[in-house]
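Okay, structure first, notes after.
Here the chain labels run A, B, C, D, E and F in written order, and each chain numbers its own residues starting at 1.
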Amino acid sequence: MTDATTRAQRYTHGRAVLDSVDGSAGAAVVDGLADISPELGHQVVSWAFGEMYSRPALAPRDRQLVTLGMLTALGGCEPQLEVHVNAALNVGLSPDQIVEAMLHSAVYCGFPRALNATFTAKKVFGERGLLPRSDSAAPDGGPQ
Amino acid sequence: MTDATTRAQRYTHGRAVLDSVDGSAGAAVVDGLADISPELGHQVVSWAFGEMYSRPALAPRDRQLVTLGMLTALGGCEPQLEVHVNAALNVGLSPDQIVEAMLHSAVYCGFPRALNATFTAKKVFGERGLLPRSDSAAPDGGPQ
Amino acid sequence: MTDATTRAQRYTHGRAVLDSVDGSAGAAVVDGLADISPELGHQVVSWAFGEMYSRPALAPRDRQLVTLGMLTALGGCEPQLEVHVNAALNVGLSPDQIVEAMLHSAVYCGFPRALNATFTAKKVFGERGLLPRSDSAAPDGGPQ
Amino acid sequence: MTDATTRAQRYTHGRAVLDSVDGSAGAAVVDGLADISPELGHQVVSWAFGEMYSRPALAPRDRQLVTLGMLTALGGCEPQLEVHVNAALNVGLSPDQIVEAMLHSAVYCGFPRALNATFTAKKVFGERGLLPRSDSAAPDGGPQ
Amino acid sequence: MTDATTRAQRYTHGRAVLDSVDGSAGAAVVDGLADISPELGHQVVSWAFGEMYSRPALAPRDRQLVTLGMLTALGGCEPQLEVHVNAALNVGLSPDQIVEAMLHSAVYCGFPRALNATFTAKKVFGERGLLPRSDSAAPDGGPQ
Amino acid sequence: MTDATTRAQRYTHGRAVLDSVDGSAGAAVVDGLADISPELGHQVVSWAFGEMYSRPALAPRDRQLVTLGMLTALGGCEPQLEVHVNAALNVGLSPDQIVEAMLHSAVYCGFPRALNATFTAKKVFGERGLLPRSDSAAPDGGPQ
């Protein structure tokens, strides 16, 4: 980190981190920015992923737990939440943990935010063949 | 309330309250959660409606006034606002009162939130055959 | 409303509405703006209260229910919430109804917003000699 | 401003300001309100544009910079942001300045809000034939 | 969970969970509600902690990571963030992990939210004798 | 920008930009982070100011207009707003323009956010000897 780096080198480093966390969904966002704001794409890659995500002080799965909490709370971030539900699965969180994090969000953000996040997870899980989930709570009081 | 209840009993009680307030729209939300987070559906029913909505300290119409204010202010809650515009009509608020509450919201939340809420009401009112509304302000300065 | 009015006349009309709803707390806000943004004070009075609050389509108590919901949901509006807890009492909402509206907000905004609003109500109620409140729920499970 | 005006006169004045800033997009919003809340349309026109926008203390382009910042930060205001990206172009901000304002927003609102705003600008720019934009940063580190 | 429970039993169970996670800070919040909204205190204890926090699908430390993300993103929740920085330490997150989660939040919520959260952590860490922290990044570019 | 730079060089560059925009208020924030999160201070300096603020596509005064809009809209950012009211004055916005931007915010964010921002400006203006401001609107309808 004390070595001199060029802007292009920082981009290359960030792109590797982005790919490892977000997979093709992250690349699609950056590609979508190419004709309107390539600099925003550059900063997502070089700064957000190259500088922040690559720090070792928090494990990738832990970063996604924090990120799911933030995106749920902010509201109106369904496109980004979709990317990060995928990212959460990519870095080792289980479907149950993701759904539980969104259930937990009802306590702090209220039910509308928890519902919007959960329906975003439903969309991603469906695309990845992860539905239906089993849930131990269903027998004694869930819907039939 | 001092009697012992089971989880299933609390669900049954909450479901009756949910149905009386939200009608089929509330049931549709709970059904949509069945394969992804039945526990979230359970908590909407058992806690939000069974515990909170069933308290007598605030009349059902008053709860919906507070709820319309919150959902408008939060932003990004159009699906929930749609459910609760229906709920507001179900529990006795008039179309004029609902539209006026959203007009009032411009003072505290600004026009974008007021506009988004009002266009959500327009969708629901249209589905229920409540359009066009008359409005006494139109003659002296509304659009033609 | 079809008659011609001057800016000063609209201010005078709005000030009467403001005084009837917010009492001295509203006047204090307007006075505090005199040396920094008298125009903001003018618009609070002439537009928010003179135009919006004076419309008959929603009763004053109903406007305060919507307003309490919005201010709770927005967060960071404790000074305005303090004014409007007072306003809510002024226009006929009971302490129980105000506290219940804030309890209800936990469902839609989560507990942090509900707590901040409730502690603001506690401050206002204390200033008006309305504490402690009795609460029927206490015997079977509230704190001792 | 000290002269007496009627409600209809204030509407006519505001409509001229609205048309000059927002163009046909603003008119479409007001028209869409005609059957649900003509009074909300009246207040957008008469108060927001007639009273606030017409004040000389801030240039139209400066008002749009502030407005783009607010709409980006609020989140969930994509319909309004679409209107105001058009408005920003109408009052003389360049495409580069608009995109840069949204890039700048990442610092204060985070990347999800910046991304949502930028993709809204992309939609408007596409409709107005302003894509692709050139960006000097691309050569040394943007996506290929 | 299929057994019948009374309201008082659910409170007792929740209180044990609250105490184990939040320690005396959680109890202080509930005590502060006793004279204004004991029912809100009851629901924090019985529902938030007794029902939601006690579910095994997410480890206590993982719940706090999500919670720190939400409270940082919501803004205006400094009192709750203070409780949960303490809670995060209580359930095994290290000071470095907490500070890193808040640094990470700058990517999604922007710097103002990240700064407010970090200064709240500073207050709690100071009270618990955890300052100054060492940070490996300081030598090559932090402030002197 | 295509040249290789070290982390320390990027910090030095950013610090010069920070000092030119925020003055001593920015430095105080960075200093306050030294014992809790020097990395957050580093990123404020190196990335926010060194990378983003130093881009020529938007004039410094224009950046502050966008920033004032965002901080007002976000809410709960009074400490940052205080820094940026100072910054706005430093880069050439007049007191009238700053106050007008906050008045304008009432249209998009509602009055509570506009009031909180304006009272923050009042504090800063008072510290800099800029009060009372004259305001042409006062004669015909402002408070006495």
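In the analysis below, contacts are C-beta pairs under 8 Å (C-beta built on N, C-alpha and C of every residue); 3 or more make two chains touch, one makes a residue touch a chain.
Since we're looking at a predicted model, the values are computed, not measured.
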| request: Rounding to the nearest 5 degrees, give the angle of the rotation that lays the CA atoms of chain E over those of chain F. | output: 120
| message | Given that chain A and chain E are copies of one sequence and touch, is their interface built from the same residue numbers on both sides (over half shared) or different ones? | response | same
| Could you state the distance in Å from the CA-based centre of chain D to that of chain F? | 22
| remark: Distance between the CA centroids of chain A and chain B (whole Å) is 30
| Interchain centroid distance [CA atoms averaged], chain B/chain F, Å | 39
| remark: Rounded to the nearest Å, the gap between Cα centres of chain A and chain F is 30
| note | Touching at least 2 other chains, the residues of chain A are 1-2, 6-8, 39, 43, 48, 52, 55, 70-71, 74-76, 80, 99, 103, 105-113, 137, 140
| query | For the protein chains shown, what form does their contact graph take: line, ring, star, complete or other? | reply | complete
| List of chain F residues in touch with chain D within their complex | 1-2, 48, 52-53, 55, 57-58, 62-63, 65-74, 80, 96-97, 99-101, 103-109, 137, 140
| message | Considering only the defined contacts, which chain E positions touch chain F in the complex? | response | 75-76, 99, 102-103, 106, 110-116, 118-119, 121-122, 125, 131-133, 135, 137-138, 140-143
| query | Along chain F, where are the residues that touch chain B in the complex? | reply | 105-113
| Parts of chain D lying in touch with chain C, wherever the complex brings them together | 1-9, 39, 43, 47, 51-52, 55
| request: Could you please specify the touching residues of chain A with respect to chain D in the complex? | output: 6-8, 10-11, 29-46, 48, 70-71, 74-77, 79-80
